[in-house]
Structures are given as structure tokens and as C-alpha cells.
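Next up: some structures, all given as C-alpha cells.
Shared between the two complexes below is subunit A, which has subunit B as its partner in the first and subunit C in the second.
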Partner chain A sequence: MPLPGILCPTRQTASQRDSPKAWPTWPALSMQTGKAKRIKAMETIHVNSSCDEAFIHAVENESGENVSLCYQCGNCTAGCPYTDFYDIPVSQIMRLVQMGQRETVLSCRSIWLCATCESCTTRCPNNIDVATVMDVLRHMARRAGKNPEPQVKTFCDSFLASVKRHGRVFEAGLMASYMTKTGRILTDADLAPKVLPKGKLGFTPHNIVGKKEITEIFQRYNAEKNS
Partner chain B sequence: MKIGVFVCHCGSNIAGTVNVGSVAEEALKLPSVAFASDTMYACSEPGQDAIIEAIKEHRLDGVVVASCSPRMHEPTFRKTVERAGLNRYMFEMANIREHVSWIGKDKDANTRKAVDLVAMAVAKLTQDRELTPKTFDINKRVLVIGGGVAGIQAALDCADGGLEVVLVEKTSSIGGKMSKLDKTFPTVDCSSCILGPKMVDVAQHPNITLYASSEVADVKGYVGNFNVSINRKATYVDWAACTGCGLCMEKCPSKKSRDVFNEEIGTTTAINIPFPQAIPKKASIDPEFCLKLTKGKCGVCEKVCPTNAIRFEQKQETAEEAVGAIITATGYDLFDYTRYEEYGGGRYADVITSLQYERLLSASGPTGGHIKRPSDGKEPKDVVFIQCVGSRDKSVDRPYCSGFCCMYTAKQAILTKDHLPESQSYVFYMDIRAPGKLYDEFTRRAMEEYGTKYIRGRVAMVYPKGDKYIVRGADTLMGAQVEVEADLVVLAVGAEAAKGAPQLAEKLRISYDAYGFYMESHPKLRPVETNTAGVFLAGSCQGPKDIPTSVGQGSAAAAKVLALFSKDQLESDPQVSVVDIKRCVGCGKCIQTCPFGAIEEMDFRGMPKANVIETICQGCGICTSTCPQGAIQLQHFTDNQILAEVNAICQQTPAQNLK
Partner chain C sequence: MSSSLTFAYYPGCSGQGTSIEYDKSTRAVCKALGIELVDIPDWSCCGSSPAHTVDHILSAALSARNILQAEDMDVQGIITPCPSCLTNLKVASHRMRDEQFKEKVDDLLNEPCRNDLPIMSVLQVIYEKLGPKALAAKVTNPLKGLKLAPYYGCIMNRPPEVMDFDDCENPVAMDHLMEAVGAEVMPFPLKVECCGASFGVARNDVVTKLSGKLLDVAADCGAAAMVTACPLCQMNLDMRQDQINRANKSSHKMAVFYYTQLIGKALGLSDASLMLDKLCVDPGHLFREIETARTADAV
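For the complex of A and B:
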């Protein structure tokens, strides 16, 4: 079972989504110095032998979406704010999933850079929850030991560890953990003068009331995963 | 003479690039012009009322309308002037839209040209004479050429409307392409179940005379009175005696005859009934393969036939039919798929056409409805469909879309899964064109419910590998070259004009386009009419069409014929040639040159003279330019009328020429 909403930044309302300022940012993006290079030209795809039907079914089962509904209009890519940083545009990822190209999809960087802003989901004319499909692919890549964007993975791990410990994220602790593990000391340091006076970055953690229950959720998840 | 000139704005179509006001002002300065004005839409009801009012108020003798092409509105305005009490030929049209406003942007130059065209029209009108049409009787019988679904529908609708119908079909059974189909999109209902009853209706309808194995040899005459000769090919069987029992087919030892009905998947017997539901269900002999006709030996069919219907000595016969209207429904043929050598059609046994695949799917086909590869009879697992084979490809001179291939390919992919649940279908396509009712939903079903893999891209080559075929193409959506291993490759061949379509068009005197498809009178407003009065079109002879559209056109053409025949008499066009008997020297050149045989020699007080048969003359004017004496003149286009126009445009002041 994926953990929707925990790996992803806060879900936003439609009005927030329409404002460019409301886009959430991944720390990983700030290390990008320019447009990502497209993955190397694809080799000839042998459709019968390389089409992994089990992969298609797994994506459909985990996401609850029917990928054959996608008719490749490209509206997801058209609205995607991250497509500049992607190695494969989201519409093409949908196509690769339709054609069962497991290896190409799970090795790509795009699924890690997706911010789950859900503009793809909002605009899909066939009501496919594309963001969830991307989320599922990220989970599958992680389970398969793929890690083309180590910093994104580290950020996610640090975030989850923080939630597990405090019941909610402890921002300063998360930053410290992320910086230590990646050595990216000055990441987003320029934001500190703006954030600190507003009390958005406390120096002590604020545990929530249901902290114990949150911890139990993690334990239950790990137990299910290991069983 | 008092002439009124009306200059039309046509909204902004003309007024946008022509100063219509000053055209009207200039027109008023012309001699004989008593009234001139500009009008927003001359063809509209207020526009026509204004013309009628001006005719009455100013006691006009003739009217010039400067507007669009006479092909559009000449009949409209002729009726208008007639309503005001003028003869309908006391009207001229100056085309200042197609000939002026739509082709030039220079407003001053356009305005000058419009003034010139109006001056020409006025000059001709001063020479025009009143003409009166004559009436003639109509023969209320109709000829339908082609017994496909469009022709069948047209014949049945005409017959139900009480007309006598002559239906001519080239092959030995009606049914056309539709009779070869297994199922039809988008409802997947059985083709022969819906077509069969209509075919039986044709056979049983008391008003329909069916000529199968026959072709139209010649067409003479004109609307209301055509004379048609029909070649009835030798079938070597007396169809009046043949009961269609099929005993001859069972016993015929020559089994290598071309099985045209099954698209030459396998062969058939030399004497055969093409398919069980054939109408008429009569046997015919293929003279190329009959042992009796080629070698003089055998004659088994003659011995077994219980009704003694075999006639080895039969010859082609000609039948004559008189009709008043003709519906052409000659359909289409398939693109020659072997022209794409890279697909291997014709070289590889398992690369077949979509229509051959229909025969494999059909329960009455050569495999009894089991999908088997032609090469080894095995059931295929991976089936690749290649679309646009002979469609949308300028390199093979087929730039047009055949329209129905996307749909039948989706249908065949669905049927493949129904027949062979373990199979996987792939479709290489450029675009999916599914604009009909429930059509797009149908192609989506092929993908979503039947798991057909649609791959957007063309195929570069097909080559054998072991007992399979590698289909190499592109998936432009993934941005990659792809290869699919196929057991069977089906080419979605496009439609092209039926063989012999141009020759038939010449017999019918109708026009056809660069690809041999017949031209309709107007692509939107007269889709089943031709520019030859009394000849109508239905179905794919006009351009590729699916079954619903063909049936719709069959009914539409029938409705046109019924409307034409709702009168007992027709008016002939008085714009025909007339001989000035005093000038005619009887040289006979006009008789030789007339393409319609409308001029005959007659004796006038012992001298030979030309005589025009008015009902046959089409008003083409070739005779008038041939006559050395100027004795034969085309009414409404006489030498004097045309010279008046020439004078109007050439007699300009030097100042005008300097502009």
C-alpha cells in the first residue's frame, strides 16, 4: 500500500493550484543548474518481448487507474510546471506504461521530480489520476532499488523520519537531517531571513497529540510491508 | 430599352474589396440603364422584393444583377424577374465575387473591373431576346447502375415509390462489398443478416428488373428520355432454368477458378454460385477454367444439371432499356496493396488485405469463420494491422483519406479478440478518424476493453523471421522505433475509384475528379446530383463512404428521382442551337462535330439543311463555332450577343485605358 499524502507535499485547493506562487518546491530542484538532459535516444523497442503486461497490471492495481484510457492528448505535459526538469515528459511516461516499458519508466528521473501538484490530474480529459500513477511509479522504483535522484530520496526519508518521531514534520530538524546526509549546507539558506521572523521555522519540535497513533501507523505499514 | 442594375454587397464578400456604391453610380451612366442601386444581399427576400419593385416602378425591360457566380444564383434571379412579369431570359448576371472580390485586394482595380463586367452584362442584355421553354413527356423508369448497398437502397426506394427500376450489376450477384463483410461497425451486427433481406427484396420486388453479370454499354438521350444498351455477359447457364441447387458446383472437376468473392483466398470451381446468399442465386461458368470451354472435354455439369440449364454455346447479348433517370452507384475498388513493396503484400502469404481478413472472419468464408494463416493454416497469436495503406499518401498518388479504414480496423481488432481470446492485436495508425455517431466510442472500446495496442506511426518494413514476420515501425508517442513480431499482418487498404469509372462517366456525360471519383453538382447543397440533368450519384462512386452514408445517399438519390418524376412533363432548356435555314449551305460540318448527335440532315425543298433536335441539344455551342456561314446560332449566346460584350469591354476611352 502506498502512503498517499505522506510522501507528497500538502495537497492544495484548486485556487491555490492556479496561483504560480503556490507551487510546492522540492529541495532537489534548487540543485538543478539548468534544463535536464533528455535520456539517451531510445533503442528499437521490441514490442512483444519488452512489453511487460505484469507491470501494466501492477501500475493499474496500485493506482486504481486504467492506463488504456490515455489517448495521448498531452494535456498533462502541457500543464506540468516541472516538465523543464524532466527527462521524460509525463504524457510520454503514460505512453511508456501503456507499452509496458518497465525499465525505462522506473529508471527515469521525472517520477522523482514530480511534485504531485496534480495539475495533470486536474486537466486529464479522461479523468485519469496521473499524479497518483506517478506516485505509484515512484514507489515501484523505490521498491526496485532505483534511486536516480538520491537527494530527493534522502529528503523523503528525512521527512518521514521527522513525521514518525514527532507526529508532524519538525522543519528545523528535517533541514538539519537533510543537510547532514547530503552535505548541502546552504540549500535554501536564503529563505531563512524571510521564514524565521514569521515563526515558520521553530527551533524546538512541536509534538502532536496523536503522536503515538502516528507511530503506530508507521509500525503497521512496516509490518504489512515485511509480511 | 430600360435596364435595372443591382450591385450586391454579399455582406462583406464583395463590399469588402469592391466599392459597390460607385459601381452602381457608374452603371447608371451606361446607355439603356434606367435604374441602378446597391443592395446588401440581392438573393435575400428583401433583395428580391426590391428588384421586383424597381421593375414595376421604373417599367424595366431587363435586369442585371452584379453578384456571385451564375451557377449559384442565376436560377434564383430568373425566377425573381419572372415574378415581376418579365421573361426569365431578360436577365444577366455579372460575377463580381468569384471573378473580382475574392481574387484581388486592390479596391480601386476591383471596382474598375466590376464596372467593366457590369457594362458587358448590360451590353449583352440589350441584345437578349425572350425565350420560351418547350415541354416534353418523361419516361418514368429509372436505371440504377451497381448493385452494392447504395444501389440496392436506391432501387428499393424508387421501386417502393412506384417507379419501374432497371438494376444493372457487373458481377453475377448483387450485394457489393458489403456482402463480403463479416460484421459492420460500430454495432458489430452481422453484415449478411442486415443486407440479405434487402437483396431478397430486390429479387422479389415486382417493380425491379435485375440484370446481373451485365454492364452498361451505351447511353443515349437526355433527362426524361434515356436509351440504354446493356451488355449481358455470357454465363453459359440459362438463368431462367437454373434453380441454384449447386449440384454442378459439387461435381465440377475444375477447381482452380479465381474465387473473386472470397478475395482470392483459395480457388473455386469453374461453374459456381459465388456465395450461398447470392441474388440471383444462379450458377455461371468461368470460361478461362471450364474444361469444356477450354479443351472441349468434360461437360459434367451438363450431365448432372437437373433442369438442363447449361448452355456452353451462350453468347453475350445486348438488351435495350428506355428510362427517364439514371442513378450511378458503381462503388469503389481497393488500392493495389502490392505497390507498397516494403510491406511484402503479394510476396508473403500472411500479409493480407483487410477485405481478405473479412473473408477469414466470415462464417461463410473459405475457413468457415476460423482465423487461420494462409501459409500454414495455424491460428495467429499476434496480429498486426497497418492502416493508411493507399490512403493519405501523396507518393502513391492517393492523398485523400479513405474514411472508413480506421473504423473497420478497430472492428477487425475487436473480432480478432472475440475469435481468439489469447491473441494480441496491434494497430499502426497515423490518426484515428472516427467522426460518426458512436464511432469514436467504438475505437476506444477496441483499446480499452479489447486491449488492442494502438501504435501511432507508420510501418517502414515487414520481413519474415522464421515462421513469423517482423513489423518495424515507429511509435511517435514514445519517440522510438519499434518492432512487433507478427503471425499475421493485415493491410488496411484504402479505396480508389472503381475500375472503368471514367469510361462509364464518359458514357453518362458526367465529370470525375483526378482519381476517377464522380463529381457531384455541389459538394454541400447538391451532393447526389451531377451536372448532367437526370443522372444522380449514390455511394462510393463519388468518394469513399461507409455503409450508413452510402445507404443515406441511395435513399437521397431515389428521392431526387421521385421528385423529378412527380411531374408528367419537363421543360426543355431553350438555350439550344437554332439553324437559320436561309444561311445554311448544308455542308454537314455541324452534324459531324456535335458530341450529342443532336443535329440531323433534313431535306428542305430538295436541298440538304441542318436540323437541331431540341430535346437532345445540350447547348454546348460547338456547332456555332464550326459553322462557316454563321447559320447555326446558340440561343442566348448568339454571335451578336457575345460581340456586344466584347465591344463593351474594348470600346473604352483612352483615359480609362491609362488608369
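For the complex of A and C:
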């Protein structure tokens, strides 16, 4: 458990508050372990040496947002339903972007777990479209080959592959593809007895007449991306 | 010239599968209310969330192909029941107002789209073009005594600059429509809180926690059922309710309706046309209670 700091105000348990012995020693601060790798608390960032200015400009350019407008009120984090699942809360991601901390931001789990629920964007007092910034960071992480939530990425990829192939999403095919790629063959198996008798899950894809047009959209997109 | 209530209809992919009852009940209710739905010919997937998490131009192009398909139709605009489709179509249209952005989208399409059709949810059309009063006048079987938690989901109204409908923190359109059909609307505070969206497959723990909270609060508010306008929300709350109960050690048996099913029921439409049997948590007892109370009142 990292020490609460400027960048990472973490929650304390009652025992941690009451007992100084529960605090980690300094070496532990730079050796974060556990399921979710949290940003190092009380970490000193030498802005002059580690700030990637090109990264800041790229985020601003791709999102159309001025990230320096964020004054760290924390409203986005307070309203974010996903804070419990994030390794870095959204307001701290905004701060890290301002500081040009490309590697930390693009390697975090949070940007993959944002559902674009628009709570942050709706409630930002400075009208920053925070959800779009998160979306753009995810685009950048993809391009940089970062993938700390492989199942989330595989689900998205399987979804789009289904659209590319049929023109519409084929739900049963999407699930089959996801389970094959992740090896999680029992995903939602418990739902089968409930859902199958309802006859809602079709077992043949809905191929549209103009599915070639959809394939072409993807082909042109890939050609443009690789040019 | 088409009537003022003729719209290009975008059903969305889930309407052909996991939310077929939403599509069918939407069509039945619109027909009963005089709203003419003309399917967009050979419509394709909008790309949903996965597309915008990959690239905004790609996402906009997948939506724009459908806007393009609707542009030769004699209609007042494009409407869809699904908030995810709605968001994608509206965000694409919004971003394409930027000429540079639109140029890049047009480059991915076979022909450029004009991008001049209004895009709305079916809920917005029923609420704004018809209104609760006109709806109430058509009710034959009021849902008296049915206590509902109205759940809008996170993106029907947000961000307000793009969605341009109802209040972004406390939307009331569905509340008023449900009151118009005789139901009792409970003061549910999590109207726009996210249900866990499409993480049900890849990160089930996210959905069981977030949707679990919605069910807990709806029950605490005294609701006997939830009513929603979003296929993904409905699927998480209804189809995944057993998963939620297992994960949270809860015991909810909360029916989760599409608002169109309840409007249809109050208009006297058949259960078959509303596909009430497709819901995972059986709502039968709720209608029997309404019927019993109605008979008792009549005596």
C-alpha cells in the first residue's frame, strides 16, 4: 500500500491510520506489487528531464482539448464509477498528461477500463472533454503496443472483426471469437440455460447486402493508418 | 411529402438479437402512436464503443454510412431506440461539422454524406413530438400501483452539448411517460450512473459491482421493477442478475423492463407484440397484481 501523496491519495484502513508500523518502508515505495500496479506514491517527478512535451501536444492535438485547463479539482474522479477499478484515478491521469508522463499514462489500466460514460466530461467545471482525452490515450496506447487489459482489447477487436466481416455484429460469433482468442471458454457459460431458451441469440450472422462497403471502410482506414 | 412523424429507423444490432424485445415493442408502440418508422435500407453497425476506442475517424465513418443511407429517404430525421447507437450517430454528426474531420471520414466512404438530418432517440420523439398528455389520452390499461425505478443509463443525455435532450443529471422524460401510463415513479438517484457497460464479458466484476449497486438502490427506493431505455443496461441488470446476486450475495428478483414494453402494455397491446416473455426475470406477477387491484376497484 503506497503512502498517500500528492499524486496518489490512497485510502487508508483504520489499522493503517492508527498504527505507524503499518506504513511501508521507503524501498517498498518503488517496488509496487499486487494485481493493480499503482503509481508510486510520493514519487518525485523531475519535470525538466522527464516531461515529454511532444506527448502533451499530441494528446491536445488528437483530442482537441486544452489539458492545461485542468486545475485538479477532482470532480471527474469523484463522479467516475470506475475509480475503484482504476490503477490511476482519472484526475491524476489529467495531471500526468500535463506533466508529459507518457510512459506512465500509456501503460496504465485505467484508460482501458474507461467506459466513456461521460460523467467526467459532463461535470468538468472547465469544460474539458475528459472522456475524449481518455479515448485518445487509449488510441495512443494501442499504437504504442501497450495492453495491460488484454481481455478488454480482445473483446473490442473481436467486435470490430465481426462488423468488418458481416456489416453487423454477430453476437454468438463475437463470443466464440472472444473465447477462442482469450482461452476463456467458459465465459458466461452460466447464462446459457437462461438465454438459449429465450431464442434471442441468433446462430447465423446478419450479413448485409453492402458488406463490401464496410470491409472497404476498414481497408481504407488501415491503408491510411499505415501510410 | 412524409408526415411530420415519419422517421428513418435505425434498429441497431442488438435489436436483432439480445434486445429483440426492445425493437419489437418499439415498433408496436410507434405504430399505435402514429409514428411511422421506415427502416434505413441495408443499415450497418455503428461500431458501438469498440470503434471509438480504436479511432474516431473509423468510428465516425461506420456511423456516417448509415446517415448516408438515410439521406435519400423522405423523412424528418433518423431515430434509434439504442443510446449507444444514438451516441455514435450523434457524435459522428457533431464531429463532422469540423470540415477537416469530415474530409477524413468522407475519404473512408464511397460517397460523402451531407450530414444535415436531425438524429434523435425514439424516447425523445415520443416525449417531445407527442408528449405525456397525448400518451395518457390513449391509455386503456393503466399500470396503477406499479412502482418503478427509472434508469436512463449514462449516455442517453450526456454530454449535454452533443445529446441535446432532457437534463444531463436528472432526466425526466421517461419519468413523465411512465406517470402518463399510470405507474408510480420512485425517486431513484442513480438515473445516469453507469451500469458497467460492455465489460460484462471481459471484466464481469465491473458489471456485477456497478449494476449491483443500481439494483440495491432501486430496491431501497421501494421499486418493484426498473425501467430502462438502453439494451446494454437492460441486459446487464436482467440477464446478468443471477451473476450479480452471486457476486454480491444479494437476492434480487427485480424485473427490468424496456419503457416501450410498459407503454405498450398500458395501450393494451398484446404481450406477444411486446415480447414480455423474452425478459429473464419474469414480470408476470406485477401485471397480475395490477389486474387484481383493478378488479377490486371495479367491484
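Things worth noting here:
Just so it is clear, the second predicted complex is superposed on the first by the 172 of 227 C-alpha atoms of A that agree within 3 Å, B and C clash if a C-alpha of one lies under 4 Å from a C-alpha of the other, contacts with A are read in each partner's own complex, and residues count from 1 in each chain.
Keep this in mind: a contact is a pair of C-beta atoms (placed from the backbone, for glycine too) under 8 Å apart; a residue touches a chain by one contact, two chains touch by 3 or more.
Keep in mind that what you see is a predicted model, and the values were worked out from it rather than measured.
After superposition onto subunit A, the partners subunit B and subunit C occupy separate space and fit alongside each other.
When the shared chain is aligned, subunit C comes close enough to touch A:154, but subunit B does not. Looking at the shared chain after the overlay, A:97 reaches neither subunit B nor subunit C. When both complexes are overlaid on chain A, the residue A:137 reaches neither subunit B nor subunit C. In the overlay built on the shared chain, the residue A:46 is in contact with subunit B alone; subunit C does not reach it.
More residues of subunit A lie in touch with C than with the remaining chain of the pair subunit B and subunit C. Of the two partner chains, subunit C is the only one that A:191 touches; subunit B does not reach it. Contacts of A:214 after superposition on the shared chain: subunit C is touched, whereas subunit B is not.
By the touch criterion defined above, A:106 reaches neither subunit B nor subunit C.
With the two structures overlaid on their shared chain A, subunit B and subunit C come no closer than 22 Å at the level of C-alpha atoms. Looking at subunit A, you'll find no residue that touches subunit B in one structure and subunit C in the other.
In the complex of the two chains, the subunit B residues touching subunit A come out as 382, 424, 426, 444, 447-448, 451, 453, 455-456, 472, 475, 477-485. Those residues of subunit A lying in contact with subunit C across their complex are 81-82, 84-85, 113, 115-119, 121-122, 129, 131, 135, 138-139, 142, 149, 151-152, 154-157, 159-160, 163, 167-169, 171, 175, 178, 187-188, 190-191, 194-195, 198, 200-202, 206, 208-211, 213-214, 216-218, 220-221, 224-225. For subunit A in complex with subunit B, the residues that touch the partner chain are 42-49, 51, 66, 68-69, 71-72, 91-92, 95-96, 98-99, 101. On the subunit C side of its complex with subunit A, the touching residues are 13-14, 16-21, 42-45, 47-58, 61-62, 65, 104, 107-110, 154-155, 158-160, 168-169, 192-194, 196-206, 209-210, 239-240, 242-243, 277-278, 280.
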